Every structure is written in C-alpha cells, then in structure tokens.
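Below you'll find the structure, written out as structure tokens, and then a few comments.
Per-chain residue numbering starts at 1, and chain names A, B, C, D, E and F are given in the order in which the chains are listed.
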Amino acid sequence: MPDYKAFRVELADKIAHVQINRPEKVNAMNADFWKEIITIFQEIEENDEVRAVVLSGAGKHFSSGIDLMMLASVGAQLGPDAGRNARSLRRKILELQAAFNAVDACSKPVLAAIQGYCLGGAIDLVSACDMRYSTLDAQFSIKEIDIGMAADVGTLQRLPRIIGDGMMRELAYTGRTIDGAEAERLGLVNRTFADQESLLEGVFAIAREIAAKSPIAVRGTKEMIRYMRDHRVDDGLEYIATWNAAMLQSADLRVAMTAHMSKQKPEFAD
Amino acid sequence: MPDYKAFRVELADKIAHVQINRPEKVNAMNADFWKEIITIFQEIEENDEVRAVVLSGAGKHFSSGIDLMMLASVGAQLGPDAGRNARSLRRKILELQAAFNAVDACSKPVLAAIQGYCLGGAIDLVSACDMRYSTLDAQFSIKEIDIGMAADVGTLQRLPRIIGDGMMRELAYTGRTIDGAEAERLGLVNRTFADQESLLEGVFAIAREIAAKSPIAVRGTKEMIRYMRDHRVDDGLEYIATWNAAMLQSADLRVAMTAHMSKQKPEFAD
Amino acid sequence: MPDYKAFRVELADKIAHVQINRPEKVNAMNADFWKEIITIFQEIEENDEVRAVVLSGAGKHFSSGIDLMMLASVGAQLGPDAGRNARSLRRKILELQAAFNAVDACSKPVLAAIQGYCLGGAIDLVSACDMRYSTLDAQFSIKEIDIGMAADVGTLQRLPRIIGDGMMRELAYTGRTIDGAEAERLGLVNRTFADQESLLEGVFAIAREIAAKSPIAVRGTKEMIRYMRDHRVDDGLEYIATWNAAMLQSADLRVAMTAHMSKQKPEFAD
Amino acid sequence: MPDYKAFRVELADKIAHVQINRPEKVNAMNADFWKEIITIFQEIEENDEVRAVVLSGAGKHFSSGIDLMMLASVGAQLGPDAGRNARSLRRKILELQAAFNAVDACSKPVLAAIQGYCLGGAIDLVSACDMRYSTLDAQFSIKEIDIGMAADVGTLQRLPRIIGDGMMRELAYTGRTIDGAEAERLGLVNRTFADQESLLEGVFAIAREIAAKSPIAVRGTKEMIRYMRDHRVDDGLEYIATWNAAMLQSADLRVAMTAHMSKQKPEFAD
Amino acid sequence: MPDYKAFRVELADKIAHVQINRPEKVNAMNADFWKEIITIFQEIEENDEVRAVVLSGAGKHFSSGIDLMMLASVGAQLGPDAGRNARSLRRKILELQAAFNAVDACSKPVLAAIQGYCLGGAIDLVSACDMRYSTLDAQFSIKEIDIGMAADVGTLQRLPRIIGDGMMRELAYTGRTIDGAEAERLGLVNRTFADQESLLEGVFAIAREIAAKSPIAVRGTKEMIRYMRDHRVDDGLEYIATWNAAMLQSADLRVAMTAHMSKQKPEFAD
Amino acid sequence: MPDYKAFRVELADKIAHVQINRPEKVNAMNADFWKEIITIFQEIEENDEVRAVVLSGAGKHFSSGIDLMMLASVGAQLGPDAGRNARSLRRKILELQAAFNAVDACSKPVLAAIQGYCLGGAIDLVSACDMRYSTLDAQFSIKEIDIGMAADVGTLQRLPRIIGDGMMRELAYTGRTIDGAEAERLGLVNRTFADQESLLEGVFAIAREIAAKSPIAVRGTKEMIRYMRDHRVDDGLEYIATWNAAMLQSADLRVAMTAHMSKQKPEFAD
C-alpha cells in the first residue's frame, strides 16, 4: 500500500487497516481525506488478497467530521448567479458523496472501530460501513443541524435503516450527543468495549473470523444484504438465485464441506 | 389561531401546541376532529413562524381512537349495490387517511405526547408523527382487530418502519395492550416519563431545542428522512444534493458558523 | 389432513400444528421436507377452517437446516458446461425458495416455536414466518457461511427487515451462534420461554387468541403488513382503501361491534 | 355548475365540457385559471352524474400556456436569501402542479380537443389528460426551453410515457413546433380532424360512447391504466384482483350481460 | 406431449405449437382451457428441447375470450356476505391470472399468430406473449368494458408497455374494434399477413430462426427484456452482469464464434 | 482537447464532436475505445463551454460493435474455478457498462449520427445517447445473439424504453437487420437523411439549436427526462420542484424573457 497524507493503511493477515491519521486535527476530514479515501477503497476492491477492512481513527477521537475550513472554501467560491451556484454546489456534494459510496460499495466487509468523538461527517462515514463497534464513552452527534444544514453525505440516507425511524428523527433534529452505551441500545453500534485497546482487539478478532471464511461466500452475502436495503424480497430472491447459479460452481463449497466433515479448518483461495 | 371544536391550538415560542380537546369523550375522533385536523395542519404548514408542533390530548387519556358513532354512520349509508358501496367506502377511507397524511407531510417536526389510552385510530395518528413520548403507564393497543377490521388509516403502513416487522405482527393480530415501558423497548416511543406533567415538560423542552435550530436545516432534514422511508439510498443521495444545491446558499449556514466560532447562540430568521 | 413423511400435521380449534418430524435426523430438511411443505401450506391456504398455524420441530431441536446429502446430490448433477449448470442450479434454487415463499404468502398467521438448534436453512424458514418464539437456550446461526455459500432461500432477504441492518451483517458474515436471550434483544424472537413445554403452551395461547378474531380482519391485516415490507406508504394506503372497500361490507364488523357493546365474545364465521 | 372567470363549464348527457374561456388572451393560464381548474375537477370528481370530460379552448387556439405576467410576478417576490427563495419557489411550483394533478387523478376520462396553439403549459395540461385529439393544423411546442427553464408542471414527467423517449428529447431540447399530423404519427394525439368543428364533434362522439358504458367499469379501467404508468406488472395484477373483488359484485356486470344476451343497449346507474 | 381437451399441442423442429382447439365455440376460454394452459407451459418450461413456442387458434378465429358460461358460474357462487364473496372472487381472479402469468414467465419466446376475432380475454392472453402477428383482417377489441367490468387478467397491466398510454386508454374505455392494419400501426402486432396460411408460415419462419440461436443466449435475452419492463436501467445492468458472469462461461459463445469465423451455421446443444 | 487513439474529438461553437476514428477496422470497439470514451465524457462533463455533443463514426460505417479480439482475450483469462471466473467476468462487464453509462449520464445532450453498420455494441452505445439520426441505408442489428450471448452493455436495458416492447423482442431474439427507414418507423432514429453529408449537416444544425438555449434549462430538462425513465410521475414532480427551486433563481430566465419581449436572440452564459 502506498503512502497517504490523511490516512495510514496497513495490510496484514488479509485484513486492511485503514486509519484516519490526523490526530492533531481530531481527524477532521480535509481535502486530502476526501480524495485519498476513494483511491484507498479502489485498491482494496481490486486486491483479492484483502478480505476484510477495519476503519479506525488515530489518537483520542475517531473524527470530528468535515473540516470547517473546507466547508468555508466551498462557500467562498459562490458567484452572483444562484442557478450556476446550484450547479456547482450539486456537483461538489455528489463528489463528496462518492467518497463514502466507495466505502459502502466495497465488496469486502468494513468494520468501524470508534472511540471519542464521532461527529457530523463521521456519522455519515460509519453509516456507510458494514458494522460499527465503539468504546463505552464514545460520543456520537449528528452535528450538521448545528451548522445550519441538512446532512448530505449519507447519514440521513443510511442511518434510518440501521436504527429505525423514531429515534433517528430525534437525533437528527436536535443533534443530541449519545454515548456508546445508548448507541448500542439503539443498534447504532453492535457492541461496546471498555477502552480503545480492547476495542481494536475485539474488532480485529471479528475481522479475522470473517477473513477465514470463503471470500466468494462473504462477497455474495454482502452483495445480497446491500441489495435488500433497497429492493423487494421477490427481487432479492431472484437475484441470489442468479448469483449463486455461478458461485455454487466454485470449489469453495467443496472445500468447506470437506473441512466440515473432517472437522478441520478450511483454507480458501483468495 | 382560530377556534376549533375538537381541538385547542396555541402558538408560543415558535411552537404550536395542538391538543385534542374532548376529554369527556376520551378524545374520541369524531367528524369535527377529522375535518379540523386538516385545517390546523394547513395553517401550521403555511405559517413560517411555527417551527415545531406538540400534539397532545386533554385530560387523562390521549385518545380512544375513532368515534364508534361515526363508524356506525358510515355503515348506515350503504345501499344495495356492493360495487357502488365499495366506491363510496373507498372515497371515505381515502378522506380519513388524508387527515393523518397532513400530519405526516407537515414540514415541521411533530412530537406526540401520550398519556393514558392510545387506542386504535390514536395509534394511526401517532404513527404519522415524527416522534412519540409517553408516560410510563400509557396504554397502547391496535384495537381495530377487535372491531373486526384491518386498520386503514396508517398504523399498518407506518408502524412497521418504526418498530420492525416481528413484534408489529403480534400487536396487530392480537390487539394486545402494551404499556409505556414496553413501548419504549420496542422503539414505539423514544422516552417515557413518570407522569403527564413531566411528559409535557420534557416534550416541550425537546420542541424548544428544535425550534432554536435553523428552520431551513430542520425542514431539509425532515424531508430527507421522510423520503428515505420509501426510496432507495442512491435516490436519496441525489435528492439531498439537489435540495442542498439551493439551501446551502441560505444565510443560515453562515449565521450558524459565525455563532459556532464565537460560541454564541445563533438566531435564525423564520 | 393426510399423512406426511417429514411432517406431522394436526388441526384442532382452528389452529393447524405443522411439526417437522424427523427428530432422529435433527429435523434436517430432506427432499420429502421440501416437497411436502408446499402441499401442506396449499391445503392450509384453501381450508377456511384454519385461522392460525404453529410451526414447530419434534424432539430436542427445531432443525439443523438443509440436509447435506441433498446439497451434495445437487453438486453431483453438474455437467461440463458452466452455462447449462447455471441454468439448472438457478432452477433448483428457485424451486427451494418456492417452498418457503409458500409459508411467507400463507394468508393466515404462522407462529414459529423454536427450541434447540435453529441453523442455516432453519433460519431461512423462520424468517418466512410471521412471528418467532423460542426457549431461552435455543441456538441460532446463519450457518451457510460455514459451508462456503451465501444463504439463498430467504435469510438474507427477509431477516434484515426483522432485526435491522447492523447486527444482521455480523451474524451473516461470521455465522456466530446466538441464544434465545440475545435473539429476543435483537427482535429475532418476540419472547423467550424457560423450556419447550412452556414454549408450546405460550405459542398456542397466542395462536388461540388470533383464531378468535375475525378471519377477514386478520387476513387483511397480514396482507397489509406483508405489502408494506416492499412498498411505499402511499401505495399501502391506497391498497388498504381498496381492500377495505370490499371487506368493510362483511358482517364481521357488525358482529364485532355488537359483541363489543354487549361485552360478549364475538363468534365469526370461517 | 357555478360560473368561472377563466372557464366555461357545461354538463349535458353525462359529459362535462370544460372550456378555457379567455380567447382574447389566447387562453393563457392566469391566476384565475390555476385556482378554478382545481375547483372544477373537484366538483366533477364528486358528481356521480359526470361520466366523461371534454377539455377544450374557446376561440382559435387551445392555449398559449402560462401567462407570462404571472410568471414575472413570482420572480418579483424573491428576496435576498437564496434558501428562503427556494422554499417559496418550491411551494409555488408544487401548488401549480397540484392543478394538473387534479386533472390526471380525475376518476372519469378526460379528452382534450386541441386546435391552434398548444404551447408550453398547455402541453403540460394535455399530458395530464387521458386522450388527446387535434385539428390537422394544431401547433405543439414545449416552449419552456425558450424562456430559459425546464418544464415543471408535468410535460417532462408524463409525456415520455405517451410518445417515447427518443423524439421526446428532441422536442424538449429544441422547442421545435410540430403540427397535428406529426403529433398523430408520434402518438401525442390519437386522431386528427380537418377543422375545429369536426374535432369537437368527433371528440364528443367518443365521450358519449364512454358515457354509455358502466361507470364502475370505466372507473376501474382508468384507475388500472394510471396505476400501471408507475407500477410493476405483478403489483398491477394484485391490485386489479383486489379492486374487482368488490366491483364484480356490482349489478353492472349483470346488467351488461343481460343486455348483451338480448342484444339491447344497457342502462347503468350513475 | 399428452392430449388436451381445449388445446392441440405439437412439438417439431424444437418448436412447440400450442393451438387453442375449440373452433366450434370460437375458441372461447372455458374451464378446461384455464387449467390446461398452465400444465402445457409447465411442460414447455421443463423440456429443454423446446426453444420457441407458437400460439394459435384453430379455425376462423383466434379466440372470442373468456367463456361467458364460466363467468356466469362464478357469479352464481356468491353468497350473502360481501366480505367473504370478495375473498373468494379475489382468489378466483388470481387463479385465472396465474394461467397467463405462466405464458409471460415462460423462458422461451412465445409468438402469437392471430386471425379473425381476438376479443376480451384473448387480448389479455396475447399481451402475455413475446410477439404478436396477425392477418390484415384480424379484429381486436378490449371487450371487457362491454360486459361491465375492468379487464383483470392482464390487458390493462401489460398492453400499455406495448402500445403506449394514449391510444391504450381509448381502446380500453370504448372497446373499439381495430383491424390488423391499425394494430400494426399501433405496435400491437409486429407484422400483418394477407391470410391465415401465410400468417402461420411467416410466424413459423421467425420461430425457426429463433430456435437456431443459442438457447442460453435467447433465454438470457428474454429474461432481461422481461426484467426491464418493471425495473430500473441501473438494476438491469447489474442483473445482466451477474447473469452473464455464469452464462459467458458456456460453450455456446465459443461455438458461435467458431461458426462465425468459418462462415458456418452453428449447432447449439439444448 | 487532448489526442486519442480510437477517437478524434473537436470542440467548436460550443459543440463537441466525438468521432470514433478507426475506419480501417470498421470502428470496432477495442481496448483503447473503452478506456478513452470515459475520459472524453469526463472532460465534456466538466467543461461548461460544451453544450451539446455529436457522436459519429469516421468512414463508411458508424461501428461494427465490440472488437472480437478483445472478447476472445477475456475468454482466454478464465481459470479452473467457475466461481472466481464469474467474479472476474462480472467485474469486466460492469467496467464496460461504465463506459456507456458515462455517455448516458452526460449532462449535455448527445446526438448520434449513424451511417452504414451499427451492429452489436454500437446499438448499446447509441441507446445511451439522447437522440439518434441516420442515413436511409444505415444497417442496425442486435448482433449479440449471433455470437451466442445476451447483450450486456445496455441495449436490452435502454432500447425497450425507446422502441417499445413488441418489436424489441423480435429484433433481440433474431438479430434481424433493419435499415434507416424501418428504424425511423420504430422510433429508433428520429429522422433519416439521404447520405452521410446531409446527415452530419442535419445533426449539427439540431446541435447548434440546442447550444443556443439556456444551458441551465437544457441541463434540467435532460436530468428530468432521464429521471422519468426509471421513476414515478409523483417522484418526478417533486424532483423538478426541488430542482427548479434553485434554478429559477438563475439569470437565464430573465435573459430569455427579455429577449423574448424584444424579439432578439438571447445570449446565455456557459
């Protein structure tokens, strides 16, 4: 993996560790961040060796969200024609969204490990991950409402499917901060850990478990769950039938069953 | 705000308090109720001064649901031709639905404050609100099953998105009564309070918080969450990009950021 | 009800008890199972006397899922042309799906009573039921991932609507086993019971309650909740208006209201 | 029918004739027009005596589209905040759309009879009708492009379903004027007539034919075709099954079949 | 192929000829018809030797539609409870729809050859076929409107996709009879022929052409076109990518390309 | 514009002329083609000076479709595991689709000018354009069926919306070649021209007309028509209301109306 300015990326044991690496700026999402995250997930996508991804933040906080300097610079570029401004703002928003869409569309499971602040854009980001885990004292807030805007890079679109409609609205309208314990009760995170160390340990343990499964099976499973977020049950059934028509011809099924019979750990090709 | 027969409506501090006001009839929904609620929410919609709505019931109970006299009178109008009966019943049901659709479509957040009975039609009503809060001893029941009909003014359509599919079916098939505590566990209400007084106090506190935010941002946030109830993630992302292309040109963003920098409370125009 | 090889089916008090009956094989789903379940639910569908269904497993376990012999035999039929293999695999999967679609589409509520193992295909099956109840020590696992495949008879399609997106993914990627208590917390089961006896007693009590309601009203309620799993709120409102335009002309409404007035138990025709 | 400023409305032989009546202004759509058309179609909707509607324009032209004065006055109301302007523009557009939605949603067939100019907003209007008929020398143009805007009251939404995608784009991008003959070739109108007199004669003849059919059957037929514009084939099949479950119990079926056997003209109740 | 009462079915040169065979009853669709057509298309589906289907009517007419006796017998079974009548009518309609759904869902192309009357239910039937061809003097009418009902076995659902929205409504509201020439102009039939003999000759020639192509490729092509009738372009692109991921591994691609290079006619396995 | 291997791209008078430039290979789509077309349309997208695009083919033919060498090389990369082959084939197909999606998604109108052969992949390409124009003797064929595969880069997905369902299937199942005249009758091309010279002249004339309109209005119009291909009428109406809420604040509306009043040609900023 090449070097990045806003991230540190490591690959070991078939797991890519993508870490936001601007701890001195509370991991705020600056221009580098938005550009590099697309490249990183493109490389992860194309590298068959990677089977799971852990996304974390260096330092005391996961991330304070979008860098306010960057937001201000967008405003500074507006001209006198409201229609042409709208055209360029729309382009800009779609561009930012594309960054988190790359996380969402990644064919390998992405696990977010969250400590400290997880504010504004950071919620948009973890909503695009497969699963979220946090420390007990992590702090979550849909901060966008406090800077006078509706969240537009994914929180309002993806989070309702994760935590349901009722509490979603309260959090989005008020920007109320919740901690890890409440986040777990709401289903926003799957599990909480006492501190950052045990958090990373726990998340990597789950990632390793996933990496040991058939990559063909994991990929199909993820594709189907993503598909169901937006499609009908009958469409989903037809889609998996078509998908498995090819995938069940893979050797992984045989490898898994042989291992199962002989009570051994199966080894799958990438 | 004008006078109403079935409601008392007050506007203060940018919050409209809409109170069902037939306590001697357990706030049953009579013909006045169904007509007036549309007018009330139309006025709320058009009045830019209103930024949040609290919906409550006067007296010991929130509401016992549709007035059975009214239901009986619908039956009395049926004639000998089953097809023409169907035509007029369908019209009537769509008309009743329109009343709660006006609540659902209101561009300002609507918070329901529920004590005592919340039965049948009352569940249809609170399902159309943004958030629900109740006393611990409130009593909820999808009562329609007990009068021999499938709920047709919104419960079966909106509640599954709020409490999920599994328990939804049990409650709808059996009409089982649940209290505030169970309602909170299921996500039907966001929080419970010890008694009616603290309930109203708590709900108004949340409403005030919302009313202090940028009305442009709250409106956009609500529109997006409503949109996501029925649309795909990719459609939602395009929609918010188009929406914010105009709204981010509003002064509210600047007002909010200036206040944020100077650690002061922002003041937004209506 | 006729005799079956993989099931025992009994009808009493308007409740059909469908019991998987291969306890010596941990109720694994063999060829008989897949064929007979369609016939059974067809008969239940057409028999107006049946008003609710309890689905259980004989012996210590609910079911260990698809019979591995059967899976192996599918593999054995593959030939040299990958395209033609895909054609026959797709057909086979659609055929298996049709079995559980028959459970899902049954117009009477189906209650699953689960003890012991509920693995792989058994989760696909109970996801197609209306409600799920289990013993505290029941064991659930989306086992398909361990035999190298993406679940393709309904789990990935139906379960996210029941337990939400976040934990769904963890369970599907890892195949982690959860017990009844965790299943209840996630909403996978509605309630847990201490042991198998109290489980069946409890489930039959709920089924009897449902069977005492108007069958016209229960059918409409189920049709609407199913419809909402895949449709928009506005479409759902139009659909129930059209549905009730006919159904509210039924005598059940009058029977229920008369009973309600006179505080008596109503008796509904089948 | 009451008196209107922008329309003349007559009801005879179960056919409502709605005529835009500002010939001295080329039937341009002014504020009266937009308000009154909603009332008119509401009355038509509720009056069971009306079975078909003919929509025409008084004088030499059908209509030149939206009144430019009215458009200018909208612009004049814009203030300094681009976000709040967007809020009020969006409201205004939705309000104008509602006028033509009332035509589209009318449960009785609406036949447009078009001569002379049919420009801009007039195309939006006739796209919301069931069928369109014109004189040979009628002139159609999607004029909005020439006043610097994308058509926003229905043309871009409804016309592609009527004339297909390819030519739709050419007409919308260029604003090219086509005559009745080309409109017929494209399917924009069903038939052309030599002059205005034979046009009205022909259209009323078709309307009378429709008015002689069972109103229950015509209403169902229209509801289904409208539904199919936006829904799947399988959803449409379920919907008509639910619809006809009530409607086939109407006497009209028997009336029609008796008439059919005895070779007589059936007479249907309103 | 076994013997049928309402049909004659022959299989030759990989083409199944399904002929409605009640010429003395103008090929009216009686109870035998509705039952047998499902069996016939099931057999066709499972028989890999069949690559295309021609559907025709014996004698002077294609078919006069549903047998009125059969329709009358449905009416005769109605009882006193309008709700329970609705339940059984809905079931009956879904059952009839299932017959034509089997034609629509058949994975091999179905070509309708139409002469003489093609009325009511016959239009529902041919709308479910892939392509329609007729004699010049064939007569088409959406006859249902004349027996007081909205067509409910497929015409209103499938035909708008074939002939567009505008003329569809005129034909459905008026029941107007059109001949083969107008049907061709509207796109209802692909081509007309001078008489029944040349019609069958022409249709079989096209069927033979299709039967000579790769059955894997034809099946995929049909599945995709059917899918696009009800799905979005982006969903369709993903679906074909998943489908072809398996199918492009078939030998047919190589067989076709080799034949193409050597300018020879390819021979594909069933 | 930079230099390309498979294309010649010129920009003049606000129109980009994109010409496939491998006439000696009948403009077959090789690896360069697929890579460069994405870059070209990205540049066009970002260059506000471009207002319309003409897509043509150098030499006697528009294009013979995908280069068979390229197709063969894909086959050559397949390994022994059918599941992993499926994974890489799916990726490859999605990659090719992305090339034509870039044409489809381009916010400026794309006009295809077609002479000679337009076969296989060339139909996929022109189906992704806004409008198509051809010489009278152009030759169109959905050639994929003849190389043993279902078309998978857009024809089956986009063409049915352009030419309707009935003839679409005939052309796709048989691969029958049609000329420009028949293509015009079917709506596949908007207009035919006598020869290549008058074709280009005619297409550029239309492009110039479009380029003279408000670019804000053209962009909105295209976005809406594209949106309607896949969305409901009510969603489309809401979307345009939101879109125009920003765009109607542009100066173009005023520029256009002023020009209209003074009968002068308006000049719009890019």
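Note that in this section a contact is a pair of C-beta atoms (placed from the backbone, for glycine too) under 8 Å apart; a residue touches a chain by one contact, two chains touch by 3 or more.
For reference, the UniProt names are A, B, C, D, E, F = Enoyl-CoA hydratase.
Source: prediction; values computed, not measured.
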| item | value |
| --- | --- |
| More contacts between chains, A-F or A-B | A-B |
| Same or different residue numbers at the chain A (Enoyl-CoA hydratase)/chain E (Enoyl-CoA hydratase) copy interface, by half rule | same |
| Pair from D-F, E-F or A-F with over half of its contact pairs in common with B-D | A-F |
| Averaged-CA centre spacing for the pair chain D (Enoyl-CoA hydratase) and chain C (Enoyl-CoA hydratase), given as whole angstrom | 47 |
| Between chain D (Enoyl-CoA hydratase) and chain E (Enoyl-CoA hydratase), centroid-to-centroid distance (C-alpha), Å | 33 |
| Chain C (Enoyl-CoA hydratase) and chain E (Enoyl-CoA hydratase), separation of their C-alpha mean positions in angstrom | 35 |
| Touching two or more other chains - residues of chain B (Enoyl-CoA hydratase) | 82, 85-87, 161, 164, 216, 229, 234, 242-243, 245-250, 252 |
| Touching residues on chain B (Enoyl-CoA hydratase), where the partner in the complex is chain D (Enoyl-CoA hydratase) | 81-87, 216, 219, 246-252, 269 |
| List of chain D (Enoyl-CoA hydratase) residues in touch with chain E (Enoyl-CoA hydratase) within their complex | 109, 130-132, 161-164, 187-190, 206, 209-210, 213-214, 216-218, 220-225, 228-229, 232-234, 236-238, 240-250, 252-257, 260, 266, 268 |
| Sites on chain E (Enoyl-CoA hydratase) touched by chain D (Enoyl-CoA hydratase) in the complex | 68, 71-72, 74-75, 78, 82, 85-87, 89-90, 93-94, 97, 101, 104, 144-152, 154, 156-158, 160-161, 164-170, 172-176, 229-230 |
| Touching residues on chain E (Enoyl-CoA hydratase), where the partner in the complex is chain A (Enoyl-CoA hydratase) | 231, 235, 239, 242-243, 245-246, 249 |
